[in-house]
Amino acid sequence: MTTFSEITDQLAVQAIELPSWAFGNSGTRFKVFGSPGSPRSVEEKLADAAQVNKYTGLAPVVALHIPWDKHEDYAALRRYAEDLGIKLGTVNSNTFQDDIYKYGSLTNVDPAIRQRAIDHHLECIDIMRETGSTDLKIWLADGTNYPGQGSIRGRQDRLAESLQVIYDALDENQRLVLEYKFFEPAFYHTDVPDWGTSYVQVAALGDKAMVCLDTGHHAPGTNIEFIVMQLLRLGKLGAFDFNSRFYADDDLIVGAADPFQLFRILCEVIAGGGYGPDSGVAFMLDQCHNIEDKIPGQIRSVLNVQEQTAKALMVDREALAQAEVEGDVLGANAILMDAFNTDVRADLAAWRESRGLPADPMAAFLESGYLAKIAEERKGGKQLSWGA
Amino acid sequence: MTTFSEITDQLAVQAIELPSWAFGNSGTRFKVFGSPGSPRSVEEKLADAAQVNKYTGLAPVVALHIPWDKHEDYAALRRYAEDLGIKLGTVNSNTFQDDIYKYGSLTNVDPAIRQRAIDHHLECIDIMRETGSTDLKIWLADGTNYPGQGSIRGRQDRLAESLQVIYDALDENQRLVLEYKFFEPAFYHTDVPDWGTSYVQVAALGDKAMVCLDTGHHAPGTNIEFIVMQLLRLGKLGAFDFNSRFYADDDLIVGAADPFQLFRILCEVIAGGGYGPDSGVAFMLDQCHNIEDKIPGQIRSVLNVQEQTAKALMVDREALAQAEVEGDVLGANAILMDAFNTDVRADLAAWRESRGLPADPMAAFLESGYLAKIAEERKGGKQLSWGA
Amino acid sequence: MTTFSEITDQLAVQAIELPSWAFGNSGTRFKVFGSPGSPRSVEEKLADAAQVNKYTGLAPVVALHIPWDKHEDYAALRRYAEDLGIKLGTVNSNTFQDDIYKYGSLTNVDPAIRQRAIDHHLECIDIMRETGSTDLKIWLADGTNYPGQGSIRGRQDRLAESLQVIYDALDENQRLVLEYKFFEPAFYHTDVPDWGTSYVQVAALGDKAMVCLDTGHHAPGTNIEFIVMQLLRLGKLGAFDFNSRFYADDDLIVGAADPFQLFRILCEVIAGGGYGPDSGVAFMLDQCHNIEDKIPGQIRSVLNVQEQTAKALMVDREALAQAEVEGDVLGANAILMDAFNTDVRADLAAWRESRGLPADPMAAFLESGYLAKIAEERKGGKQLSWGA
Amino acid sequence: MTTFSEITDQLAVQAIELPSWAFGNSGTRFKVFGSPGSPRSVEEKLADAAQVNKYTGLAPVVALHIPWDKHEDYAALRRYAEDLGIKLGTVNSNTFQDDIYKYGSLTNVDPAIRQRAIDHHLECIDIMRETGSTDLKIWLADGTNYPGQGSIRGRQDRLAESLQVIYDALDENQRLVLEYKFFEPAFYHTDVPDWGTSYVQVAALGDKAMVCLDTGHHAPGTNIEFIVMQLLRLGKLGAFDFNSRFYADDDLIVGAADPFQLFRILCEVIAGGGYGPDSGVAFMLDQCHNIEDKIPGQIRSVLNVQEQTAKALMVDREALAQAEVEGDVLGANAILMDAFNTDVRADLAAWRESRGLPADPMAAFLESGYLAKIAEERKGGKQLSWGA
């Protein structure tokens, strides 16, 4: 097995992108519970996100969601972030909360509504120019609830047309990243339900269009690391939305439901060249902290990714390849499990200290008093959740 | 096959209970779309529900949800309903929208919160005495999102204790009906996840406690008609919450996603003695009309149940039993499919007319102008959705 | 709705391909039950298959499986089939029953084993030249059972290489059709687990490579008609393997588990240009009659496909398109359901008679005495099942 | 967290029962691959099983499967086992491989076949008296493949009657353990599909009837540790059949697919009093080593159980209870994860050595030359698989 000291250079380049909306309130259709101190402005979201980076050194970028994070002065917002030691990242579009999108946005049978949805994306691209963001992430709620409600073929063709217009508006250094989702909020069909559909759509657009893999957006039992491998093989894995789930799109903390799955995913990321700043693969979180504290929830998340990344980097790949050639099923599996079963936490703590970070980021943050401070300071005003 | 004319007496006794909340707005965590004319009061919900009964003759009862349908004068509400030709039915409790229930209600580790949840149910029982309702339906959002968050055993024991207090407060003619749900809004475990748990909890309480089966609350692939059979065999099927789904708890129109499944469920209901007013099994709808019109959605729903009930009543049960004895797999299946494949719509239309109902309830309702009328009349005010 | 008389021309061109192996014994890993009269030779399988065509007029082609249907004189076999009024169709390869394929065939890390698997396919192509078959169907059992057992990327690359060699050996009029499967017999990953993988593999090969969609080979809840739409849109739907399932790859009679799903699939086939002899889409059955009689099982299957095809052809597509434009969710769904709820059986019976076929093919076959005859004649010898 | 040294007394009492059939060949419906040295007799199976115990000290009991392990002299077999340092355990009945059971055994509509199935169980009880076994394990393949094929209610009632006859034949010290399974080999319904059904059947029998939980026999997404908790709470968890799966009843090595799930299950076992010789809960393996070596596969399995048991024993339950009271979701989860993330392998190795066992049982076994020896010695004869 590769030793911990051999992998620290690689660990040092890890950068995870946090979603601004993870710091606001979120919930289910049944209830959105609030938390004391939840942000009331984009600036407060960024301040909270900066805390995650301060204690972990892992999260230097924050993704925005438009219109939730709409701002009158993006240049100022960018400076605000930079003063906090972070930068603005992916811009996520939103075409699912306006009443006009009841029957779809980019796929809508009504050309006027499609144009509205396209225009929203063009606005996002404009914002990207101001924020310095390079990725436009598109997740569509488009789909139907009842068989017959819409022509699923017609919708697919219109999706291609709409995406082409958006794609053509991208600058040279910008990318379009198309997310897929198995179901929800559409309950009969979704217009981009699987990696295959996202792939064929972005492949038709060109080199600047990529697939986004949200780990919670698959059918039960789907082998996600296989999809990671395939998209890397095809050169089309643009971004992850990390989270975890037991059932559907539960949006739990990444690594919470099945840490071994996260490990396997990261093994394929590394094996397929998807790790590191030059890989072109964005590591993003997309989670809902419905009942747990939000900033600690994000700290726990990036630490989970870091721990499993360390283990995945330590896998003895040569031994693995040799075992495969020998048809040694149990031996090969043991080599992989050897890395997974290793407890890397003490090594990670010591390494963090060597870099001027707290050995235990969670404890350090909790002791800092930040949570009590924002609970005290942020009284009054309207806490933000999934809405502008 | 039994002929249509032989089953009309049985069809005539069918009564389906409508949920008051189906007439308000509902949606997903992503968006709740409104509709013109959506009710702004309990009375308007009842008026809409009465329309469904007026055109179908199938829906004489409306279930209430407390506190969504809280009213200052339940006796007056009852009279209001009766004047509309319907009556008030099951009272559904709600312990998932108050901030105190963030970590559970009847199962909460905090005795004060448990008492609050118990008290809410006692209040519901009081309301039942005023409305003349006999069924208290309990669906709990209780559960946890992360392994370790709570003792699932401790929660189960507290659930038993809380239910006992509620049960003991029931009048002789009242029942407690406990619903189970696979997941959502809890994403690691729910405290009543399956029929087995609901069964052992209500069996411990006594004869007035029953299980409620919501057709959307099961793991993928679950054979629901088997559970129907088993609960009827055990004398513990108290109520249905009908709806349909392709994925999770999609709450689509009953019969929309898999009409054959609805037919099979009704076959077991009839075979097991669960059909008709003396069976003690309440047929209730529990659906969300997120994007379709609500009153027509409910009309379509009760008609779907009626059509599949007619087919299920027409199954040649003697021939089926004979085929089983002969080991004639394909023959037995063909007997069942013969009923399912029969188009009963023309017969149903003629029979409706013979009873003074419109042959085509949907067309008659749409032609009535009611939707335009409420869209016009119900301007201003706050449309109701899943909230008080 | 389109009337039945308007669709008979289209019904008349329907041709479903039967799998030779459906007439032999099949079962589960727990038990393979035999039936009196099960075939002991390829000729007896063909004779049984011809019965299905004789009574239904729907099944003029029989697919072979090599080596199960290996024969010393394919030209003779072809004449034998033609004398029975049928012809030989798709050749299915088999690289999962030889001991050398324990760790994979076309993806095996051992080049000698890969070559053996490639050679087997070259042999199949030779057989196709003799039988006049145009389609080589490849379903691979390749995969792994334990994480780490093999490099899933390496296997994917080797798959591409192996397929290229096979593809290059095809004649101009021959096609390679690549099937995908979610799981089984491999239990951690399969090398072609989903339509996306099959698509990218065949797209890399060229125009003569297509995807095969087996309706039982998907994750729970997968919207299969969406995949049908997408593959037709991409021009890559080569063939169906029809069957049905409640759980996994149950291989039940097509239309038995969810007739509405079969109807929806056929609606997309028709809408996307996948119906009829010029479409290039082969309609094949792939089922296991574990406990039911085999010939009647196949008769039931082709009749199920025919009934749902008739309904799908009758859908009022203009009205559907209009309802979509109007955002009439319930109206659109009703238009679709109107066709599904129609009982086409009497019309089909009359139309069959008009073409010299029995009105009730199942009854006619059962009355023919064929089952008793083969039970009597085929005593002794070894009944065939999934083995050479 | 509890330290390793504090849990060694509890670790020392762990005893896992091995299935005799795991040492024979097994596979899928597609292929059963053989291995050099696979046993040709019950004695050879026992000899192989004894190897697992020799190197791990964890597996002193072997379960038999009748008729696969039928023997002319069970007393001699018992002595043979004892000479190997192991003993004979649970007797598993088999009513799924005789042709008469095509449509069911204990639930068959034919009373003569039911009697045959009952008689088989009475024979098993007789064998138990000779082998000294106390548990009769019943897993039924009974079910149907097509809706309508059988009355699922009638089958359930007959199941109750048949079980009663078997139950009444038990000696005072004997138990009946009823397994449930979601599906396979029956593909429409199984007669004991879920824990609820198994529970109500054994509860009706009496104190000597218990439920068996096979970890692979659930619907996708099922929370298995919840069922463990519930059955322990009800006093009805009789036995485990341990294995793991990614998809269906894959029968992979326990802990291989989701080690965190195994840990959670063991946490509930321990919390609910299901651990240790006095608990009445039998820890059994039930796996198929389709492609991996069998004896090493079993060694890996018992070590996986031991490792996760050690972690589960180390959970700081007091801290967990405190965190729950405080509503500290992330803190509680962290306490649980702290134990799971701990690497106990070095401690276990040292402890093994202190008890005279090899530090690395797998390495020690592989170095022993046993596999080469049996490959050499066991030439000729018929290797055993799932058949008598």
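The chains carry the letters A, B, C and D, assigned in the order they are written, with residues numbered from 1 in each.
Operating definition for what follows: a contact is a pair of C-beta atoms (placed from the backbone, for glycine too) under 8 Å apart; a residue touches a chain by one contact, two chains touch by 3 or more.
In UniProt terms the chains read A, B, C, D = L-rhamnose isomerase.
All of these numbers come straight from a predicted model, not from anything done at the bench.
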Fewest touching-chain hops separating chain A from chain D: 1
Interface residue overlap between copies chain C and chain D, same or different (over half shared): same
CA centroid of chain B to CA centroid of chain C, Å: 40
Distance between chain centroids, defined by C-alpha means - chain A, chain B (Å): 38
Overlap residues in chain A, where contacts from two or more other chains coincide: 102-103, 145-147, 182-183, 188, 220-221, 223, 246-247, 256, 260, 291-292, 329-330, 333-334
Residue ranges of chain A touching chain B (in the complex, touch as defined): 26-31, 33-34, 96-97, 99, 102-103, 141, 145-147, 182-185, 187-188, 220, 245-248, 250, 252-253, 256-257, 290-292, 386
Of all residues in chain D, those that touch chain A in their complex: 220-221, 223, 246-247, 256, 258-261, 291-293, 296-297, 300, 307, 329-330, 333-334, 340-343, 345, 362
Chain D contact footprint on chain B (complex, rising order): 102-103, 109-110, 144-154, 156-157, 182-183, 188-189, 193-197, 199-200, 218-223, 225-227, 229-230, 232-234, 260, 264, 268, 271-272, 320-321, 323-325, 327, 329-330, 332-337
